[in-house]
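The following pair of complexes shares a single chain, chain A, combined with chain B in the former and chain C in the latter.
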Partner chain A sequence: MSEVKKASEGGQPQFDILKHYTNLLLTDSEITMPVAAIESLVALVDACQATTVSEFISIIEGGSDTLKSSVSNAISLSAGCDLFMRYIIQTLGNVGDIASCRDYLRNNGRLFVQRAKDARRRIALLGVNFVRDGMTVLLHAFSRVVIALLLEAAERGVRFKAIVTESRPSGLGKRAARVLRDKGIPVSVVSDSATGYAMGKCDLVLVGAEGVVENGGIINALGTFQLAILARSAKKPFYVVAESHKFVRLFPLSQYDLPFDQDIITYFTDDEEAARVEKEKEEKKLKNIPEALARNDGGIGGDNLNRAWGERPLVDFTGPEFITALITENGVLTPGAVSEELIRIWH
Partner chain B sequence: MADSKSPPKTLDVVVSSPKSASSEATPQSPANPTNAQNKQQSGKQKGQQQPKAASKPDAAAAPAGEKKLSAKELKEQKKAEKQARRAQAKGDAAKDGGPAAGGPEGKPQPQQQKKGGNAPQKGGQNQNAQGGQQHRKGGHQQHHTQGPSAGASKTVDPAFHHLDSTKEVALFKHLEDTKKKREISDGLVPTEGIHPSVIALGLKMITYDICGSVARLVATLLAFKQVILDYTTPPGASLNRDLNHHLSPQIQYLNAARPNATAVRNAIRWLKVEISSSPIDITDSEAKARLTDRIDAFIQEKVMAAGRVIAESAAEKIRDGDVIVTYAKSAVVQAALLEAHKRGKKFKVCVIDSRPRFEGRNLARTLGTAGIDTQYSLITSLNYIMTNMNVTKVFLGAHAMLGNGYLYSRVGTAMVAMMAKDTEVPVIVLSESIKFTDRVQLDSIVQNERAPESELVISAEEEGDASGGLREWEKVKNLQLLNILYDVTPASYINTIITEYGSLPPSSVPVVHRLSTGT
Partner chain C sequence: MVTQRAVPVGGPPSLDSFVKSITKIEASQVPGMVDHLISLLKRRQIRGSRNTAVATANLLMRVVSATKWSHVDAIISKIREIGRRLTRAQPRELAVGNIVRRVLGLIREEVENDSPPPSASLPAGTTLSLQSAHSTQGGVPAAPLGQPSTSMFSLLSQNPTPQKDKSSHSSKNIKAGIMEGIREILDELSTADDLIAASALEHIHSNEIILTMGYSVTVQRFLLRAAQKRSFTVIIAEGYPNDQDKVHQVLSGDPDSPGNSQIAEDSHLTFQQTLTRAGLIVILIPDSAVYAMMSRVNKVILGTHAVTANGGLVAAAGAAVISKAAKEHRTPVVVVAGAYKLSPVHPFDVEGISEHGDPGKAVRWEDADMVESCDVVNTLFDYVPPNMVDLYITNLGGHAPSYLYRIVADHYRPEDVSLDG
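Moving on to the complex of A and B:
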């Protein structure tokens, strides 16, 4: 926040929102992209010297666009940005003049961020009852809110086991396992190809979400879709744990109807060429992360580092028909209720 | 909106139509009502029919002076007809439609036949094909006597008879039959107190000149605008109370012409609230100006702007290489496809159509003319298209979106949606929120609209087949025709509904309905 102050004190309108956002992600391993985005926008409001409403809005919009274009798939990030934009416009409508609106936003923007951060805690409290003694939970990838929920359960003395899929290509399952094992929870990491095999041994499936879309489906780490299908066919409950600031106004009709392209299916007729392309991709990825930062990784999650530099995990889309319920800070919702919640927020 | 006529044009018709309608309908001859109907249904028949009608004794008997019946006379006439109808119904029940027709009808028949001579034979068939005769209750005995226009009777106008009860599909008997429509198109419904623009609109709705719920909504509001402009508050009454009473018969008239579409009903509900909330301390002309302004704003906001927003967001959904199936014709689907084309998207459209309305023909032509790769097929080829043409999306229009997320639309829509669901193709419904209702319907039976059965019959000329087909289907004892206009598509077949509020799953219909009506 120091540089924000500097910017406003010096009367310098140039506030590097991207830098601020990146710093947030790098310094706080617990922060998620939408919250970091909202926080950056609040800082931008702070720094903003605009004197007219339209100037003000265009500055904020510009900042939100900068953030969105900085990452290759901006699902959760844009959810956060859009939500805050909406909040600003509503505030402008209620307050009227620009000066008092900015004051209002300065004071309430922090509250807004705080509420978004508190959401995880509230979800943990709401969802903790879904995990009971003797259960085995199947997890996918690494979701902070799912982990928070499970740690809350462990705290309360619930004895449960967890099966975590490796979640390739990101490999985040291992990270989830490390965090859970630290708290004494028995965790088994299985390869993604063993998901079907492991399904019979679990009692419920818990996944997080990059974004929750309008029909109640989710966009989440690659492999969630197949997990959902397997859970459905094994008749296991499939719960999504997500904060409501991840609700996004998007309505994908299929896997391929997402607003960005993913490099998942690539055809080769030549083994060597395939290997070469693979290697190039890896090199490019490494080049994107400055060496200094890579060395400084320390306790910061590798995924956050990647996120900060625009490298995003691959995702797929899971339709609402596979989801038993969504555990949010506003209650446990059926997929159908997501749309109502979104309409409530937006109109 | 493309279908709706501009207001001045409506007015044009207003001047001429009530007169012509009544002049056609006044004579008691049976030939004339059918004639009137024929005229609306097919222009080319007109010339053929008119001279014949003139040659008929009944028509000749109808004095020219009678042409302009006063309202009172019309009323009396209608009363008499009603009585006669009742009597007939009783008689019918007793004699079970046998050849022993007897009664008042027995006598005139031979006479009619004789007078008709040779000429009516062909004309009669035409009439039949055009849907004149099957309305006649006396159907049985007439056909036994081979009288082509045998419905002629001095006492009862056969055009008013219900279809013989055995000629109606039992499951759909509760629906308003097409009788009232005929009465209106024949000008036999008293029109005193009905504004000419409303009458013109009713007639246009019956002939499907104004078709599609949004077009009907716009036309209705424009007609009501005219009604409001021509209204003067009677002494001792206030506009915000009396105008609604004044509108009621107009609404009823339209409802009789065709059951009011959900969109129309929503708009009327809005208009009534708007009228009754007129401030009392302003003058009539101020209040009228306020109302007409509000109507214009309503059309702008709920129809024009909404349609544009929907077309734009639907166009965004279209990607290069898409093959899009659409059924029949929806104005907003057409707008969306044209918008996508305008944005340079490369896609193919497959227009699925069906008898008897063939609404997709115009859509196919419009799209093709605009430069979109378009294929036109009938619904019979649906399976081939869905399984072999790599269809990527199905776009459907709506007549109404029901409270349970079900789609109420042109009959055949459910079949397309079901087929799409079966082949895992996403079904996208495009609908303005004005079409949303909190009414819930689980099947297509409880509420629907019956169109004239005659529309299903293919005339001899078209078919080129001297005998057979459905012509003179009334004569086939156990044969019934059913021509319903709508069906209900379950919510589970629908992926998303694009409205001006954004894309929704079907389960959010009631939320948006509440939102858009402000309740």
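Moving on to the complex of A and C:
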């Protein structure tokens, strides 16, 4: 943040990237965090008056760091930021001169955001054939792109049912159920402990992803891992639906390798203390959401406020060995193809 | 035998007669030949991956040479339309669609090569300094920006400006290139088995016991090539009810015996020597004995009808049982298949892949009493999921199932994967 301030001291009104980002998330419930992050960075490029390359880079880096530190779990957000950073450096390498580089980025910023949004539509078209008449689909949490795929199938007259896990602690499964039921799709919401029970009734598991990591595994809402294991043991296909801007350069080998602390397992010897800590956590979460925003919700779900104010659903890591395939806008990829995509971008 | 029939009408048509007649017809008859191939495919008079691929490639070559176009989009949409009709006529012959997509890729490549190196990666209003920075990159303008479309960077790079000069490519210029490309595909079709066989010695070792099933030219060639240097045992499951006659003929050293059109069609491929004459120990078993034999088998080698984009197989019925038995015994399963069998299509509907053949092969019509009291089904294909296969050997080399997506990406353009619309 400080770097951004420094750069805009020369009489320019200061550009608050965090505000821009928050606004994007609040006004558009369909936008994802990485896209919002890149859109904010594009706006930052627009506003910045840097005259040297290193100043320019440090401003962008500062902006990207500000965004990353604003949320507790920045997997998908940092995927977007890093990708954009990489892109800027390559553009600078090709163009060499700061003014034309900025022009170039300005011209392409909107295009990028448009393409990222189109990605969801392309995935829906590519993946719609996986859902067939008479199938029961098992879903976890709330993924915009999974929903888009299912709505596309419903639009085409495919008759399918969906079982949605409640997905505690976020409870986002209910939100997914609401959206699907709105379109007349029969949905059953089951508690997370009923996942194993329900597995036998489904033909296909579809999940989204917070981030797709280098070995082809995914980081997604807590509970995805157990779902994947159950699917494997029941020999049900487990598909991940994710846009390729969610590919991140991480190589976790287990649950505990993720680059942030999740505070999921906490030990107590005292019942009352456990209850007290639990209550504190809840209060802290509520305090994080400014009152004004909560009041002017304007029909946007609580999830958006959460996204904007750093409360992210807890996540776990699902290894590539459990994933049948990843449905991305570039086609249906095996987990092995993810590393190749990433290598192509970064090397 | 079939040489006299040059005209598409009359007599039982085959691949040979189709290929012969297509070179002779005039340009005005080309649409008729498309219909002719469609009916041949529908009636299953041309069947099998290689035969349908050869027929399709020949047809498309004639279509390209006979069509006059002023704009490449015209020929592309024409071939897409033909491809759509052919694949609808026989959706289970995935090789037809593969060849159509390969030809479409060829045309697109030819157009791109023909056009001047695109400066499309940068916006139209590029400044002079930009241009000079570009030209210093040693002839690869904006390479990092113009990544292949599968890359995430395509999100960030500029849309290639629509090439208005597309129409200015005279069809003559690129036509020759396309024809040449299709000829290369035809070459590939005829040499694929040879190239696959070339790696046989790496996979078959002395005194090994190899299990295979039914009749596959690719597998036979593979085994024969290994037999030149190694001695090993081959266990052949006879592939009842569809393949056992061919298997018996091959084993009895009588590839020219009448009554089997498939062998006649493959006659230019049949081996002068048979497996038994090559000095191998050959054991013929009924399909039901596969599990019992599996414990002593070192390697399973299977041919296939088609390979789907995820690495799954559409193979002769029985392949799933064999690969399951192999899995149980941890026996490696090697699949030999020409790259033309590799399809960019996903097996969305596994049940729809299979086909019911002539039940008369399973139960003779003489058994009318039995047929009256029960249904007889002769399923032709099995779907084998990718986790059951350990290695694919194509004419491009050996690949793990998880790597096949890469070969798909190399062979087919993403925009051609779906021929609809």
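The rule is short, and it goes like this: the second predicted complex is superposed on the first by the 334 of 347 C-alpha atoms of A that agree within 3 Å, B and C clash if a C-alpha of one lies under 4 Å from a C-alpha of the other, contacts with A are read in each partner's own complex, and residues count from 1 in each chain.
The rule is simple: a residue touches a chain if its C-beta (ideal position, glycine included) is under 8 Å from a C-beta of that chain, and two chains touch if they have at least 3 such contacts.
Predicted model, so just to flag it, every value in this text is computed and none were measured.
S.K.: Evaluate whether chain B and chain C can sit on chain A together after superposition, giving fit or clash.
M.R.: Because the two structures are overlaid on the shared chain, the partners are seen to fit without clashing.
S.K.: May I ask for the angle at the C-alpha centre of chain A between those of chain B and chain C, rounded to a multiple of 10 degrees?
M.R.: For this superposed arrangement the angle is about 60 degrees.
S.K.: In the overlaid three-chain picture, which partner chain does A:107 touch, first (chain B) or second (chain C), both, or neither?
M.R.: The answer is second: A:107 touches chain C but not chain B.
S.K.: After superposition on the shared chain, which partner residues are touched by A:345: those of chain B (first), chain C (second), both, or neither?
M.R.: A:345 contacts chain C only, not chain B.
S.K.: After lining up the shared chain so the two structures overlap, which partner does A:253 touch, if you call chain B first and chain C second: first, second, both or neither?
M.R.: It touches chain B, and chain C stays clear.
S.K.: More residues of chain A in touch with chain C or with chain B?
M.R.: Counted on chain A, the partner with more touching residues turns out to be C.
S.K.: After lining up the shared chain so the two structures overlap, which partner does A:333 touch, if you call chain B first and chain C second: first, second, both or neither?
M.R.: The second partner, chain C, only.
S.K.: Touching A:132, do we find chain B (first), chain C (second), both, or neither?
M.R.: In the superposed model, A:132 contacts chain C only, not chain B.
S.K.: After lining up the shared chain so the two structures overlap, which partner does A:90 touch, if you call chain B first and chain C second: first, second, both or neither?
M.R.: In the superposed model, A:90 contacts chain C only, not chain B.
S.K.: By the touch definition at the top of the document, which applies to A:215: first (chain B), second (chain C), both, or neither?
M.R.: A:215 sits against chain B, while chain C stays out of touch.
S.K.: Of the partners chain B and chain C, which touch A:245 in the superposed model: first, second, both, neither?
M.R.: Once the two structures are laid over each other on A, A:245 reaches chain C alone.
S.K.: Looking at chain B versus chain C in the superposed three-chain picture, what is their shortest Cα distance in Å?
M.R.: So the smallest C-alpha to C-alpha spacing between these two chains is 8 Å.
S.K.: Indicate the residue numbers of chain A shared between its chain B interface and its chain C interface, in ascending order.
M.R.: 335-336, 340.
S.K.: In the complex formed with chain A, which residues of chain B make contact?
M.R.: For this pair, the touching residues of chain B are 317, 393, 426, 428, 495-496, 501-505, 507-508, 511-512, 515.
S.K.: For chain C, which residues count as touching chain A in their complex?
M.R.: Interface residues on the chain C side: 122-123, 125-127, 129-130, 133-134, 137, 142, 144-145, 147-159, 309-311, 346, 348-349, 402-403, 405-406, 409, 414, 417.
S.K.: Per the contact definition, I'd like the list of chain A residues that touch chain C in the complex.
M.R.: 83-84, 87, 90-91, 93-97, 100, 103-104, 107-108, 111-112, 115-116, 119, 129-130, 132, 244-245, 247, 324-325, 330-337, 340-341, 344-345
S.K.: Given the complex with chain B, which residues does chain A contribute to the contact?
M.R.: Interface residues on chain A, with respect to chain B: 214-216, 249, 251, 253-254, 257, 320, 335-336, 339-340, 342-343, 346-347.
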